[in-house]
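Next, two complexes with chain A in common: one pairs it with chain B, the other with chain C.
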Partner chain A sequence: MTRLHIENLQAKYGEKLILNNINLSVEEGEMIALLGPSGCGKTTLLNALCGFVPISQGDIFSGDRVITHLPAEKRNITMVFQSYALWPHMTVAENIGYGLKVRKVKRAEIQSRVNELLRIVKLDNLQDEKVTALSGGQRQRVALARALAIRPDVLVLDEPLSNLDAKVRLNVRHEIKALQKQLGFTSLIVTHDQEEALVMADKIAVLHKGEIVQVGTPEEIYNKPNSPFVADFMGAENRIEWPTEKDGFSDSSHKITLHQSSNNEPSNQPKQVYFRSENVILSTRQTNSKIQKEEGLILTGHIEQSAFFGSNYRISVRCGMHIIQVDHTSDLPMNTPVSLQVPNHALYIYDNIVENKVHQKSTVV
Partner chain B sequence: MMDSKSTLTTSFMLKLKHAPTHISFWIQCSFVVIFALMLIGPITNLLLWTVAETWYFPHALPSQWGFKYWQQVFNPYSDVSGSLLTSLLIAILTVCVCLLVSIPAGYALSKRSMPFRVFWMILFLIPQAFPNLTVYMNIARLFYEFNLNGTLLGVVMVHSVHGLMFSIWICVAAFSATDPMLENASRNLGAGPLYTFFHIVLPQAAPGIIASCIFVFLESLDEFTGTFFVGAPDISTLPLLLYTASMEGNYQIASITALILLVPSILFMLIINKFMKPEMLSKLGK
Partner chain C sequence: MRFKASYNLWLIAPAALMVAVFFLYPLYFSLYSAITLDNGSFTLTHLEKAFELYSNDILFTIMLVCVSVFILAILSITIAATIALSPFKRITSLLGFLYRLPLFIPFIVTAQMMRTFLAKNGLMNNAFVEAGLLTPMETISLLGWSGIIITFVWKQMAFSTLLISGAMAALDESQIRAARNLGASKIRILFEVMLPQITPTLGVAMVLSTVTMMSVLSVPLMIGTGSPTMMSADMAFRVNSYGDYHVANALGLVSYLICAGLAWFYLRQSLKDKGAVA
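The block that comes next holds the complex of A and B.
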């Protein structure tokens, strides 16, 4: 059953168009991540859903209810604010019980629900604490408990992890996901961190300049980005543009070839190729045998820089005008001549019909 | 005996050692004392008058001391008690009027989307831009036509016009300092605008509002010119009484009245000191 349905939504700040043509459906019990760089309109979309930003066009349905122009208090969509927005003049328990008090629930009932939530978010014994006395991670949990207390139709979370330090962040990330599985609430989570989105969400909607450019499961988004923007945003940061005549591959030690198995289109047709550093197979000239088959993208060049990343080395290889980032298990000395191969399945190739127009739907190889 | 003597000498030696610090200490002390005398001198004079029963000109001190005038003042049927009650009543009513106007107005003006925001805020300053006397004489003339002269209502209105300047500006500052996200969070959880205002916004702005009440209260207690033009002679407040007493040469009554007027000011300054947050004022300009 569709819990939340957004249709052709458009929102503006004054004359400035912030969101355009947003279409999205959230199923009951599903967690969808809204992923996009900062400033792309993620917070605005949540605000529009919660009724804090007027909607200039389109419709929002909660179940069968049209909530497009309802006032904020009638929507039953609760938000975990990026800044938490806890009320400093209230205790933890009063913060959590507020929504129930507004609904005139009996005091004893509020008390038991608050206790239940405190247990769920692991804050037992802190009910009488002032929220100003809590740590960032604890405030986050109070905000979550407060939003869940009234059993909302949809829970939206605005970058819930961005204000936490790295270690706490991993814990809370895991806890939110576990809670969502356990309680089964429908939720939209906003993030600018692709890893967060991949780990937490059932589905990801990638937002770019106020429009949704791709919706899919984490696997689909990761493996089949439908546009150069999504490919780049999902970590395929190496980019080569065809034709490559001007890119300095004339030298005998810097070569580039693209072998596409499927169709024999001329390799000089304008296109963009994206790939991840982890998919590049690096071999020094001596161990050239590693490249068994003339397949995929093959480059030759020399090592310019190497950085230790803990689990591996991030090696920058100069190939003509380009610097290709490669993940490699061992360190290599500077200026070592190397050859690189990227298998076809790891290449994201887009027709470069309209230059720099990212929204363009492109063929995926 | 010997022991204590030896400790005395050693402590004396120690004192000598630290002599330079002591000298600067005494210099500091004398500065503080001189400064205090300049402040307290006039007040001392006033205090002396309150306990002087007879004090004629060439004498440096009163010739007869006593609390005769205190009894006179605190006699429940005296002018002073009556004026004190009137003053308090007027001050409390003025605070109520100012609160009723400045809480909604302050909240509305704190929203940046409010049209003509600056215009409205300046409007409340305008009465202060003209000389007090001119303003109050005109108000008095106006009140004549509505039969408001010499009535409690008239005086409260005059005091409110004066008090609103403080209360509006302080309330705007107090409401501007509240986080709009806190309001959003309340609406988000199902509370309507009114419920949100009373349960979230008002508690956040409370310190500033209390401070504005105190200012208005004090201003009303001390107000002279407006009360004189609009209220006298039917309405007598403490400042008016003080004025009449001084004119009649009744310095004892005048001094005791002045002292009574001093008490709330000092009390409330202490409270303001506790409640006023400097951040609030910084939000005004935004």
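The block that comes next holds the complex of A and C.
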């Protein structure tokens, strides 16, 4: 069953169009991540859902209810804020029970619901603490419990983890996901962190300049990005434009070739090629021979820089005008001549014309 | 290079001297004068005389100030809350401009204005008569205690609204949003989320307003009916008519104690709140 449905939504700040033509359905019990760089409109979308930002066009349905123009307090959509937004003059229990108190639920019932939630978010025995005495991770869990206490139709989370330090963030991320599976609440989470989106969400909607550019499962978004923007945003940061005559590959030590089995197109058609650093196979000249037989993108160049990343080295390879980032297991000295191979399945190739279309559309926004 | 402590003391000396000469010495002298005879020996006669002659006025002053501060608090909170919570941004920005105007009008001008506005044949009554709401026989003068309250509230409202409005604007917007999407109405948000957090500022605004009201001379002189009147008018009378600085200072001591009592109450309250947080 569709719990939340957004149709042709448009929102403006004054004359400036922030969200345009947003269409999204969230099924009961599903968690959708809104992923995008800062300024793409993802938080505005959450605020529009909650009723904090007026909508200039389109409709929002919660179940069968049209909630497009309902005031925030009547929507039954609760938010978990980036800044926690707990009320410092109330205790943990008062914060969590507030929504129920507003709904005139009986005191004993509030008490038992608060205790239940405290147990769920693992904050038992802290009910009488002032929220100012809690750590960041505990505060965010109180905020989560507060938002869940009234059993909202939809829970929205606005970058709930970005104020937490790295280790706590992983814990809370895991806990939110586990809770979502256990309690089955319908939720939307805003994030700019692609890893967070991949781990937590059932589906991801990638936003770019106020429009949704791709919706799909994490696997689809990661493995089949439908546009250069999504590919780049999902970590395929190495980019080469085709043709490459002006890119300095004329030199004998810097070469580039692209072999594709299903290559029916003329190779001089303008194209953009994206790939991830982890999919690049690096070999020094001695091990060269075995690579050449395979297909894909093959580049030669020399090493310009090497940085230690813990589990591997991130090596910057100069190939003509391009610097290609490569993950490699061992450190290599500067200026070592190397060849790089990217298998066909790891290449994301887009016609330049399509990119121009996307570009034109986004400049309208 | 570290300076010795004595060098550091020289740095604060000019400022300390200013405070001592222009504030501490006059304050000390007025308190001293309130409880000593001309020959310097300790006495309570001035205080006794002050209470004997002016206890009605002291009570009158306390009552007026209490009522004014109470009305002031309600009105300032209402205006500040309207500005903070109203969805109609254009109207609230106009309101935000209007409420500040009295800040720039001195008390004596306000008093003169209120005199011509509130009198029996003043602007307000004339307007009612013209509108056919009252006949000239039915008009009543609001000069007197009610006029003093109206003037105090009118003048101090700008100041206290400014403080309260600022405190409300400083609250995290997402705290208010959180309450809204849990279903709280605006009134609930005001009383349960905003007011508890701005109590310290409200306290400051009210204490400072009290001190201002206690010290204004022009308003009771121009709008009051003479008897009973406020302590500031009594002090002026003692000095101007009798040259009696002792009783005037004794009245000053009383008004100082009233303000100090209030400040103590406020400080205790805010310390208690802080203690609970820590």
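To be clear about the criterion, the second predicted complex is superposed on the first by the 350 of 365 C-alpha atoms of A that agree within 3 Å, B and C clash if a C-alpha of one lies under 4 Å from a C-alpha of the other, contacts with A are read in each partner's own complex, and residues count from 1 in each chain.
FYI, a residue touches a chain if its C-beta (ideal position, glycine included) is under 8 Å from a C-beta of that chain, and two chains touch if they have at least 3 such contacts.
Just so it is clear, the structure is predicted and the values come from calculations on it, not from any experiment.
J.: If chain A is used to align the two complexes, do chain B and chain C fit next to each other or clash?
T.: Superposition check on chain A flags a clash between chain B and chain C.
J.: Quick one: is A:87 in contact with chain B, with chain C, with both, or with neither? Answer first, second, both or neither.
T.: Once the two structures are laid over each other on A, A:87 reaches both partners.
J.: Classify the contacts of A:52 with the two partner chains as first (chain B alone), second (chain C alone), both, or neither.
T.: The answer is both, since A:52 touches chain B and chain C.
J.: Can A:43 be said to touch chain B (first), chain C (second), both, or neither?
T.: A:43 sits against neither chain B nor chain C.
J.: For A:130, decide between first (touching chain B), second (touching chain C), both and neither.
T.: Touch status of A:130: second partner only.
J.: When the two structures are overlaid on chain A, which partner does A:191 contact: first (chain B), second (chain C), both, or neither?
T.: Once the two structures are laid over each other on A, A:191 reaches no partner at all.
J.: If we overlay the two complexes on their shared chain A, which of chain B and chain C does A:138 touch? Say first, second, both or neither.
T.: Once the two structures are laid over each other on A, A:138 reaches no partner at all.
J.: Tell me which partner A:72 touches in the superposition: chain B (first), chain C (second), both or neither.
T.: A:72 sits against chain B and chain C alike.
J.: Let me check the overlay on chain A: which residues of chain A are in contact with chain B and also with chain C?
T.: 50-52, 71-74, 76-79, 81, 83, 85-89, 98-99, 102-103, 146-147, 150
J.: Help me check something: in the complex, which residues belonging to chain C touch chain A?
T.: 172, 174-175, 177-185, 188, 192-193, 196-197, 276-277
J.: Note which residues of chain A are touching chain B in the complex, please.
T.: Residues 50-52, 71-74, 76-79, 81, 83, 85-89, 98-99, 102-103, 146-147, 150 of chain A touch chain B in their complex.
J.: Going by the contact rule at the top, pick out the chain A residues touching chain C in the complex.
T.: These residues of chain A touch chain C: 50-52, 71-79, 81-83, 85-89, 98-99, 102-103, 130, 132, 143, 146-147, 150.
J.: Within their complex, state which residues of chain B touch chain A.
T.: Touching chain A: residues 179, 181-182, 184-192, 195, 199-200, 203-204 of chain B.
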